[in-house]
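Two complexes are shown next, each including chain A; its partner changes from chain B in the first to chain C in the second.
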Partner chain A sequence: MSNLFDLLVAGLATGAIYALVAVGFTLLWQTSQTINFAQGEFVMLPAFLMLAAMHAGAPFWLAIILGILLSMILLGLGFKLLLVDPMMRHGVLPLAIATMALAIGLKEAVKQFFSAEASPFPSIVPTGDISILGHAVSLQSIGVLVVAIVAVFGLTALLNRTSLGHQMQAAAQNPTVARIIGVPVERMILLTFLINAFLVALASLLITPIYLAKFSSGEVLGQAAFIAAIVGGFNQVRGAIAGGLLIGVLDNLAAAYISTQYRAAVPMIFLIAVILFRPQGLLGRAEERTV
Partner chain B sequence: MISFGKPLKIALGLIVIAGLIIVPMNFNRYGLFILSQWAVMTIAAMGLNLTLGYAGQVSLAQGAFVGIGAYAAAIMTTHGWPLPAAIVVAIVLSFAVGWVLGYPALRVQHHYLAFVTLAFSTLAFLVFRNESWLTGGIYGISNIPRPHIFGFATNKPLPFYYVCLGSLAIVSLAVWWLIRSPWGRAFMALRENPLRAQSLGIDTRRYTLMAFAIGSALGGIAGALYAPLTQYIDPVPFNLSLSLDLLMMVIVGGAGFYFGPFLGAMIAVLLPEWLRFTEGYYLMLYAVAVMLLLIWSPTGILGILDRYLAERRTKAASALRAVAKSRLETVQ
Partner chain C sequence: MKSTLLAGALLAFATATSVHAQAIKLANVAELSGGGATVGTNWKNGIDLAIEEINAKGGVLGRKLEVSHADSQSNPGVARAQVQKALDAEPYVLLGPGYSGSVKVTAPLAAEAGIAQIMGGEAAELTQAGNKFLFRTSFGQQSSMPKVAKYIHDEMKAKTVAVVWVNNDFGRGGRDVVVKELDRLGSKVVADLSTEAGQADFAADVGKIKAANPDAVFVYLNEEESARILKELKRQGVTAPLMGETTLIGQKVIELAGDAANGARGHVGLTTDAPVDLIKAFREKFSKKYNYVPDHNGLKGYLAVYMVKATTEKMGKVDPKKFAETLHGLTIKAADEPGILMDVTFSDTGDIDRQSFLVEVVEGKQVVKQVLPKVK
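Showing the complex of A and B:
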């Protein structure tokens, strides 16, 4: 059974990263009906921004700060002003297609301006193992899990405990009413874009030391985050967190107990089952049908 | 204007068709390959345009159907079957799978449907890659023969280009007929307002499934041509990105416009070639071009044209009204 314990820890660690990415995804959907097909590439890019800063001679901690700031400017502010705002009135589908084009653009830009090869990336957590209940668990897994949990708890505390968070939720649930009672809806939407950019930069920082920095690494991650968001509930932050952890664990268990070749199929089949039998997601609330 | 509009359109169509037949005669091997690819991708995009543009069902699985058609053709023709038989099997197979994939569309819509079909795409890719007893796995299937049509060998690029072009012509006519038939009207009713369509007595279940099945079957035909075109297939070309590319083709060309897929496929297949002089930057420029186009016109290129024509028509109509009004006033 020691194997199962290790698998669970590793699964929770990757799941926590999926959750970070999925949470941003659901935030964008709630506030601005944006389905961001470039979300995976959004995770890939900050690592390269940080690497570029380090190549320019910045120490690691400064590169992290620069990377997060640049990511918030480019992937938060820039993404909203240049792509989402002009396309918002066109409806969900054209914007979704535009984000697909953005994904291609980001991938190609990194390949062209940085490198087509995978680059190593320093870890913020020291490597090595510690012993928990007689099991050797890698510090990296623990570190990833802890940082992701802190970030997610911070975010839920912001959303549920502070007045700013209440305003954000009001803006997401009913923009018209929120506007009437004096919530600066536009500023709240911008804030969710900035939070999404921060979360993807954090996910990038956590996951890149494990999987290396590669221009194409966003594809798998983006898909996993979509699945997590839908499985958990497209319109619920806590759903996205649960979905992320669930998919992470399921993925690891499937690889070990079912088949490595079809490991990617297990979350997909799970996704199809959830959509067919509980379209709003495991923790989501049903969206009313528009006629 | 309207009186000579139709002959003008027919003349323009004939010129384009003659151009597609004559001009490539002195193209090199690569040019012919690209043009053949355009014809094949147009067929696949036309299928998706039926499902998405006319029936309003978002599908991210069209690439998987191209894959199903391609594997059916590759497996059968390398075992000595003629290509037409393989095309029939590709159609039947992708029609049946498309029909089954339509069932989720009866339950969920929009982005949920997009994600179900996205999952299906990934599952199909995994089957292509892992069932190596059938598909050759990551090594794929090579030496896919090109067919003999009426005794003519089409091994050379030019004859096979005509096979692709001819298939495109047949499919175009079939789709032209389909969207003008009651079926096509039912599809459009489904897109505009499913509830109202149902209240008008349209069997929405059946037409939703049909929209998926017919669209998928066209993807299968495209795949069955793609296999002999490249003469080698492996799972990579049929991954999710092909489905996304096809979706982009349909939207960029103009979803719900008959000629949308032709234009969309032209941009997706030819534009990167024209931008090749920019070397590594071409996909980047392509991505930027798609984003700018969609910001400007979310209904694609033909959407711009459509808006322009509609504007002219309203202007002409109001001019006529003004004339009629002034006449009425002089009479009084």
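Showing the complex of A and C:
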């Protein structure tokens, strides 16, 4: 049973990262009907931006700030202006394909300019354990979980309790009406892209010390977060959070109690079950379609 | 008539000179990206360093060496396509790949072409299938794993052992031999855990190891995953001694795992920390050229090229068809060919016999604890 507690904590910590990344999927989908298949690479890149800053001599805290700012410029502003806006007029499918190409481009660029090899990355959370209910729980797991939860709750509070958040939701739900009532829709959409870029940079900072900085590290993460977003509900932020935590815990429990050999298959089976029996996701909203 | 003869003689001379001056072409297919990028990059750099040295000293039998590099992307399917492409260019010798799974699917192609393949794979089965063109640069698992099991049983005094391995040809091959040997020696395997290549999260695996409470843990994963599991083992407070092979205590693993690598032990066929003067000199040259300390794969790539040089000089001619025949049973002494670094003998199956080492990571550095002699 003590093992179960450890597995739950570790699963929740990993799941919180999936949730951060999955929230980005839902935010972009709601505001601009964009499925960003480069979301995993968006998590990979900030770590390398921070490493580059450190190699240039910046202390870790400054590298973090620079990494987050650069991520917001490149993966928020640049992504929207240079890829999403020009491709959007051609429809959702070409845009999705363009994001797949972007994923390949980002991976290859990092491989070319940095290295194909993995690099160590410092942790913002100190190593060591604390005792919770008699169990030794790692500070790193707790730190990842706390930072991710604070970020997600902060985002939820912004969306539900501030005028800015209400404007963002209005822009997402009905841009035409939002424009009529004076909501700066374009600015709200841009803000969504910047928030996504901030969240992926945060995820990158939290997970890279564990996953290591590597050009291909976004593949697994992007896939897990995509599954989490679908499982939870692609059109609901709370769904993405629940999906992320669920997949993180499920993965760990499956590895421990079913088989480490087939652990990768378990989330996929779960995904198929959700798609078959609740296509809108566990917490998602069914969307009507008129023909 | 005289002028025709003279022109003919000149043409023959010119052709002979041109053939004589032609470079000896080698083809390298390695893991330059993907999960095995560390393996392939070190292997490639070792090859390039050896070729640079040999060419600077006049080449092999007066001819320069040239190498083409191709990326297998750490994917056996891609490796097979790249090897086929490389063989179409009719190289003298094929170098690589480093991953056993990639070697397994490419070896039949090289054998069919009658080209010797000098590779880095360590899976036991590779040289047991009767392929007469396949040669190792390091020990196969059938040679190294019995030494590992013996160390766990005799030196670590472990009555119970957890075995964690990567689920590919490399990991499965090592796991099968070590489990069999541990069983023979009387150490009980209390946890037998397979993991995936590229796996990031080892919390559940380490949880299972903790639950099994073994006297020792044998870790047999690829380099990056080794670093991740070392961190997780430390994080979850596993105190049982850790034993592995080259991939657990390599330089890259130590760099990636940091403090978590301290205390890990392993049997290594090759290490740049070996107390061997020629290896020390290699380490210095490599580090100066590439600005980092190579792992065993750098040594393997370097040795592969010197195997080509020594064998060709032994034949006295560049003959791709006779190359494999000459290398079988050949002993190359470091005194005669310093590039081979240690005296080495190749068996009829292409396996290798030479000294090996038992290493422990102490304060972020590999420390050689024992030198194990050449078997024959």
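Criterion: the second predicted complex is superposed on the first by the 290 of 291 C-alpha atoms of A that agree within 3 Å, B and C clash if a C-alpha of one lies under 4 Å from a C-alpha of the other, contacts with A are read in each partner's own complex, and residues count from 1 in each chain.
FYI, a contact is a pair of C-beta atoms (placed from the backbone, for glycine too) under 8 Å apart; a residue touches a chain by one contact, two chains touch by 3 or more.
What you are looking at is a predicted structure, and each value in this text was computed from that prediction instead of being measured.
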For this session: Determine, under the contact definition given at the top, whether A:Lys111 touches first (chain B), second (chain C), both, or neither.
Result: both
Problem set entry | Contacts of A:Ala10 with chain B and chain C, given as first, second, both or neither | second
For this session: Report for A:Gln261: first if it touches chain B alone, second if chain C alone, otherwise both or neither.
Result: both
Exercise. Taking the superposition as given, does A:Gln223 touch the first partner, chain B, the second, chain C, both, or neither?
Worked result: first
Exercise. Which holds for A:Pro94: it touches chain B only (first), chain C only (second), both, or neither?
Worked result: first
Exercise. Just chain B (first), just chain C (second), both, or neither: which does A:Ile130 touch?
Worked result: neither
Exercise. With the two structures laid over each other on chain A, which partner does A:Leu102 touch: chain B (first), chain C (second), both, or neither?
Worked result: first
Exercise. Touching A:Leu81 in the superposition: chain B (first), chain C (second), both, neither?
Worked result: neither
For this session: Would you mind listing the overlap between the chain B footprint and the chain C footprint on chain A?
Result: 111, 261, 264
Problem set entry | Interfacial residue positions of chain A with respect to chain B in the complex | 35, 37, 83, 86-87, 90-98, 100-102, 104-105, 108-109, 111-112, 219, 223, 226-227, 230, 234, 261-262, 264-265, 268-269, 271-272, 275-276, 279, 291
Exercise. How about chain A: which of its residues touch chain C in the complex?
Worked result: 3, 6-7, 10-11, 14, 111, 115-120, 127, 129, 136, 138, 140, 210-212, 214-217, 220, 251-256, 260-261, 263-264
Exercise. For chain B, which residues count as touching chain A in their complex?
Worked result: 58, 104, 107-108, 110-112, 114-116, 118-120, 122-123, 126, 129-130, 193, 195, 240, 244, 247-248, 251-252, 280-281, 283-284, 286-288, 290-291, 294-295, 298
Problem set entry | In the complex, chain C residues that touch chain A | 32-35, 37-38, 40-41, 167, 193-196, 198, 200-201, 203-205, 207-208, 210-211, 224, 227-228, 231, 234-237, 252, 255-256, 258-259
